[in-house]
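Down below are the structures I want you to see.
Each of the next two complexes has subunit A plus one other chain: subunit B in the first, subunit C in the second.
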Partner chain A sequence: MTAATGERPGSEGQVGAPQDRDRQRRKRRARASRGDSWLAWRLIAPTIVLLVAVIGYPVVYAIVKSMQLDKADAGLNPTTGFFEQGGKFVGLKYYRYWFNCNCPNGTNGHEFWPSVQTTIIFTVITVIFEVVLGTMMAMVMHRAFKGRSIVRAAILVPWAIPTAVTARLWEYMFQPHGVVNALLGTNIIWTGSVWPARWTVMIGDIWKTTPFIALLVLAGLQVIPEDLYESARVDGANAWQRFISITLPLVKPALLVAVLFRVLDVLRIFDLPYILTHGANNTTTLSILAVNELRSSQNAAAALSTITFVFIFLVAFILVKVFSVNVVQTQARTVKA
Partner chain B sequence: MTAATQAATTDAVSTPKVRRRRRRFDMRAVWRTIGLVIIVVWCLAPFYWMLVTSIRQVDYTYDSTLYPKHVTFDNYKAIFQGNNHFGRALLNSVLIGVVVTLFAMLVGVTCAYAIARLHFRGKFAVLGLVLAASMFPGVALVTPLFQFFTNIHWLGTYQALIIPDLSFALPLCVYVLASFFTQMPWELEQAAKVDGASPGQAFRMVILPLAAPGLFTAAILVFLSVWNEYLLASQLSNGNPNVAPVTYAIATFSGSDPRIIPYTSIMAAGVVVTIPLVIVVLLFQRRIVSGLTAGGVKG
Partner chain C sequence: MQYRKLLIIAVAAATTTALAAGCSSSKKSGGGSNDRGPITFVTGKDTSGVWPAVADQWNKAHPNEKVTVKQQSDQADQQHDDIVQHMQAKDPGYDVVTVDVIWTAEFAAKGWLVPLKGDLSLDTSPMLQGPVKAATYNGTLYAAPYASDGGLLYYRKDLVPTPPTTWSELISDCAKKTSSMNCYGGQFSQYEGLTCNAVEAIYGAGGSVVKSDGKTPDIDTPQAAQGLDFLVNGFKQGYIAKEAITYQEEPSREAFQSGKLMFLRNWPYVYAHLTGDANSQVKDKFGVAPLPGMSGAGTSTLGGHSAAISTYSKHKGTAYDFLKFIETPDIQDNVFLKIGTLAPVIKAPYSDASAIAKFPYLPTLEKSIDTAIPRPVSPFYPAITQSIQTNVYQALQGSLSTQQALKNIQEGITKAAGS
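Coming up: the complex of A and B.
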């Protein structure tokens, strides 16, 4: 997360002077702090207000609606099918519907636990692949000087392609007569059964987002001082030892933040499976299920989206606690750097 | 003198080592080059396949010759005909992207400035809030917004596609801008004032030119993220082709025969949607990479 330092290698040389200046500035700041605070909050207010409006309000709206009886269930106003006024308070009815529904096969309620499973499978597998491949890519790019800009350009292409296009592209390549089967010499109907379908989605995701991890890791690699490797080499450490005891610990902060972002991102994955497999063959994720439910019971969908949100929030919380990823601090350090 | 001899001896000692290492370096360079080639192929092969397929005749949709064969440009004509509203979708995407980007920049720039330059209590809280907002799952917004917009009859309107996009565009904008602002040599502003520039002049002639690259990068990243958005657009456009963006058009692209998926046309459409982005990204790759890694942007 310290790309800036990597981009400007010269800036490390003159640490002393800016630090002094920093100290002075901080003193001055302390004096002006009260005035600063007032100005700062005025400058920040529009952003906060907007975020509360476009995020806070919908979230509260969803929570309120998820505890009211849906019109579809009440059988009211079937002509429009729209929910116009708040219904009767039903407490956790819709949450119970999702968690223990003995619904018949094929209904959305039946899909809940499988979709939880699918979402977790997607997350674990893609993040592992992306981190390993991304780190490898970053190591290769870090050591290469010739052709580095070409690789960096190439690596940005998958990232820049819209996910919707990525989905159609892999859908086409994974067709029974498509190029993947032709190259592998196989005859797999990729989207026709559970694991091949899951792999098409996961490969698409890995292809698209590994570059992102690689860039983050590369930024972390670039701030490791070269003399550390030099002295380790003098001490007789081999390449693997150098990787384990120098590279990995020093890249860890950047890597953990990348993992956190990726985990939170895959947990809400929607575009790829929705377009690529339409959620068929156990590729329905929590996000897809919630969107599908929108067309039958909006309040049940609101409950599910709240469940998803809480679930992702909990995972984020646990990750931050377990790995002690201090995202804000890391980000703040970048911002300060 | 001692220093000089010391330097000389270390030099003498290290020369063979360096030479040995250089020879090993060469061996590694080969592996490294292979690694680089693998990375480039892995990243570009699917994109290349999209290009090749887009200039292939429909009858050879599943041809797997690895170079362009049966070349035609009909697909590019075809995507703007038929009832996919592709041209309209492109315009919609540009409109939504420009409006969201301008608005996010306008609002975000002051917030980023405050985070980067001012000292105040609760800075970490603001940073945390913005970061949490940028990681917010879209699905937790799409269901309530769908319901809410249904009630106020906004489904399938431009405002229903523009306003919700701020939920991720604004945090992204604030982050990228804040990291750019902290790296700027603000001392120059002071220096300009000492040299007799008015605050207005200092801003116009010193700060603005310095900040321009950062603002520009932030704008590109925000525009890209809006251009690529699909979840909100797919639901809140409610299938209205007059407002739906291009990601929705691509996802639902169909031919005249519903049983045959017109992949050559879809790939052509994909190329049209992607090429401008790829060009912009390649032109400004250095800046984008630094903005990306600073902001921890999602794909």
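Coming up: the complex of A and C.
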């Protein structure tokens, strides 16, 4: 900030020759930046300490735990009936258990690959729907018309409702004699078989988080200069062409950030399916499985959390690389170019 | 200098927080069996409204050793996880915890519960034996049962004057239902209630889940298959409503209460709703009977709760007195039964004429609890019940044969205890 002030033309009035001015400016900038970086470090130090405490420590702790034998897997002492001591180093035992468990149906180990599949299905389908619907909502909210603020508020309501409440709402509507069946004239037991149960969860998630995408896209729309559209109109481009060649490319950075956030969010989805279906009918996601496993073996659950963490991290990394998502600067650069 | 000061303060604050979070695991375990002082009693959400009365009476008599009641969530899973977290953190603030019958073995095996023997032994002779057995692990009593629970058959006495005692009678009684109702309902959603319903069906046909040692699986048997088939065929042939696959206790109660079910398997708590709720369509039209079985009376699974002293409690002497206090006939009869309509664990209230006048189902319930078989008392219960729930649920949906489901459970139980 200090450097920026130094460059203001007004503050240079009293300096004489151009070389002098240059030298002095350099000196000032160097001093300022040295001071800046010190100040910056000192200012962010508390944040870093806090992040290490609340993020670094649990992550490392989970990884350490995941390589130790859980007490609950150490066997029972035949006389006392107590569990033997855990804590022995077991390397990748728990990771092998998840990836390669020859477990009977109904055990957590058996659920691992199905839950990976479920998680991916949820992610792909909900994000596609949310992007399409969210973009449409953003276009509507962007238009200037009477009652726009009411529409904006209405669209944002689902996003403001806590997920647990959302889940209960949809659970109620999807009951066998609920409003959904009444409206559709169907008799589907929504939470009673695989795909209806999955759709129940996905519809709830789409309903809740589309406004989030809409909000980010709306922010993207608002920085597109109006003259671009005007000149396109002058050139005879129709609405669809304007959408494809102006709106979409310019809103892309914002959209990609939104998609990235959503993907990371859905990959660790827990509350909505847990309340709606309790993980029955192949709606067990990786996070639900980890919580279920927590009740049997904490360290196996730690291994599963670590697997989930690495998986999400990789997906994020690939998304950022492939689409060169610019998380920090969003659209500012693109518009200038 | 300002910055430096600020930095030091911030770092100090952050480290203290981290330390506070970390050091809770290094606390020493609690006091001896005679230490007294105020205690905290931890229990699930008090839906029956009994604990204020209990705490009042106790606190009046023990002004220096007051009890504070801490209520948890109303979901059993969350209550379980809450206790686990506090025990792992060796929290001395959880003096007495409520233990669901199915958690006793797990908590005891992890060394979190004080064995009730020696100085702390409890006289179990006035109690029903089922709940005592469910609170016993490896030959030692670890918790004081305070409320029991047994499955009952609610039936529409206006349509079926004499309740069925066997499944085949029940199925043929289905012909008497009106066209707007379904015949039989229970709890068949994939959760703990399904385990209860499934093992009751299995017990009802003479099958079992584990051998008498409590560990060796014994569920892959023809008897168990016959029992489970009562439920599987119910969905296939329609004497169980299709939508019952989503039922937990409350939706199934609501279905019966609004006249949409002729038979309902549920717990005693339902009675107060059916008679008392303003919207009840069945107020004077229902009766309560023991569960039917394959070729005679059925067998209930045992529900209910016990109170146990935490290993980490600093006031175990007071905690022990509190356990004895909630076993007294006064609390059992006048508070648990008459205020909360909970099923007492001591025998006396079941033959108390004034209680029977108010709760005519008591003799039936006593029989249900007396013959009830606990679910496996095993430290690996979470894995066992998950195996039962998943496989039975798929069998009810028809995506798994009864035989295969039982075979999977058999393997699942072996795997749970073996690995």
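What we mean here is this: the second predicted complex is superposed on the first by the 285 of 337 C-alpha atoms of A that agree within 3 Å, B and C clash if a C-alpha of one lies under 4 Å from a C-alpha of the other, contacts with A are read in each partner's own complex, and residues count from 1 in each chain.
The definition used in the following text is that a residue touches a chain if its C-beta (ideal position, glycine included) is under 8 Å from a C-beta of that chain, and two chains touch if they have at least 3 such contacts.
Computed from a predicted structure; not experimentally measured.
> Given the superposition on subunit A, are subunit B and subunit C in a clash or a fit?
Partners clash after overlay.
> Is A:Ile312 contacted by the first partner subunit B, the second partner subunit C, both or neither?
A:Ile312 contacts subunit B only, not subunit C.
> Which partner chains sit in contact with A:Lys208 here, subunit B, subunit C, both or neither? Use first/second/both/neither.
Only subunit B; A:Lys208 stays clear of subunit C.
> Would you sort A:Asp265 into first (subunit B), second (subunit C), both or neither based on which partner it touches?
A:Asp265 contacts subunit B only, not subunit C.
> Of the two partner chains, subunit B (first) and subunit C (second), which one does A:His278 touch, if any: first, second, both, or neither?
In the superposed model, A:His278 contacts subunit C only, not subunit B.
> Looking at A:Pro249 after the superposition, I want to know if it touches subunit B, subunit C, both of them or none. Which is it: first, second, both, neither?
Touch status of A:Pro249: no partner.
> Once the structures are superposed on A, label A:Pro225 by its partner contacts, choosing first (subunit B), second (subunit C), both or neither.
The answer is neither, since A:Pro225 touches no partner chain.
> After lining up the shared chain so the two structures overlap, which partner does A:Lys71 touch, if you call subunit B first and subunit C second: first, second, both or neither?
second
> On subunit A, which partner touches more residues: subunit B or subunit C?
Of the two chains, more subunit A residues are contacted by B.
> Could you look at A:Gly91 and tell me whether it touches subunit B, subunit C, both or neither (first, second, both, neither)?
In the superposition, A:Gly91 contacts neither subunit B nor subunit C.
> Check the residue A:Arg168 against both partner chains and state whether it touches subunit B (first), subunit C (second), both, or neither.
After superposing on A, A:Arg168 lies in contact with subunit B but is clear of subunit C.
> Could you give the residue numbers on subunit A that contact subunit B in one complex and subunit C in the other?
After superposing on chain A, subunit A residues 39, 43, 46, 50, 82-83, 175, 177, 294 contact both subunit B and subunit C.
> For the complex, which residues does subunit A have touching subunit B?
1, 3-4, 6-8, 21, 26, 29-30, 32-33, 36-37, 39-41, 43-44, 46-48, 50-51, 54-55, 58-59, 61-62, 65, 82-84, 136-137, 140-141, 143-144, 146-147, 149-165, 167-170, 172-173, 175, 177-179, 182-183, 207-209, 211-212, 215-216, 218-219, 257-258, 261, 264-265, 267-268, 270-271, 274-275, 286-287, 290-291, 294, 298, 301-302, 304-306, 308-309, 312, 316, 327-329, 331-332, 334-337
> For subunit C, which residues are in contact with subunit A within the complex?
Within the complex, subunit C touches subunit A at residues 3-4, 6-7, 10-11, 13-15, 17-18, 21-22, 77, 80-81, 84, 108-111, 137-138, 140, 189-191, 242-243, 245-246, 251, 379-380, 382-383, 386-391, 393-394, 397, 400, 408-409, 411-412, 415-416, 419.
> Touching subunit C in the complex: which residues of subunit A?
39, 42-43, 45-46, 49-50, 53, 57, 71-73, 76, 80-83, 103-108, 175-177, 189, 191-193, 278-281, 292, 294-296
> Under the definition above, what is the set of subunit B residues touching subunit A in their complex?
Subunit B residues touching subunit A: 28, 32-33, 35-36, 39-40, 42-44, 46-47, 49-50, 53, 62, 64, 107-108, 110-111, 113-116, 118-121, 123-124, 126-131, 133, 135-148, 150-151, 163-164, 166-167, 170-171, 174-175, 178-179, 182-183, 187, 224, 227-228, 230-231, 234-235, 246-248, 250-251, 253, 263, 266-267, 270, 273-274, 277-278, 281-282, 285-286, 288-290, 292-294, 296-299.
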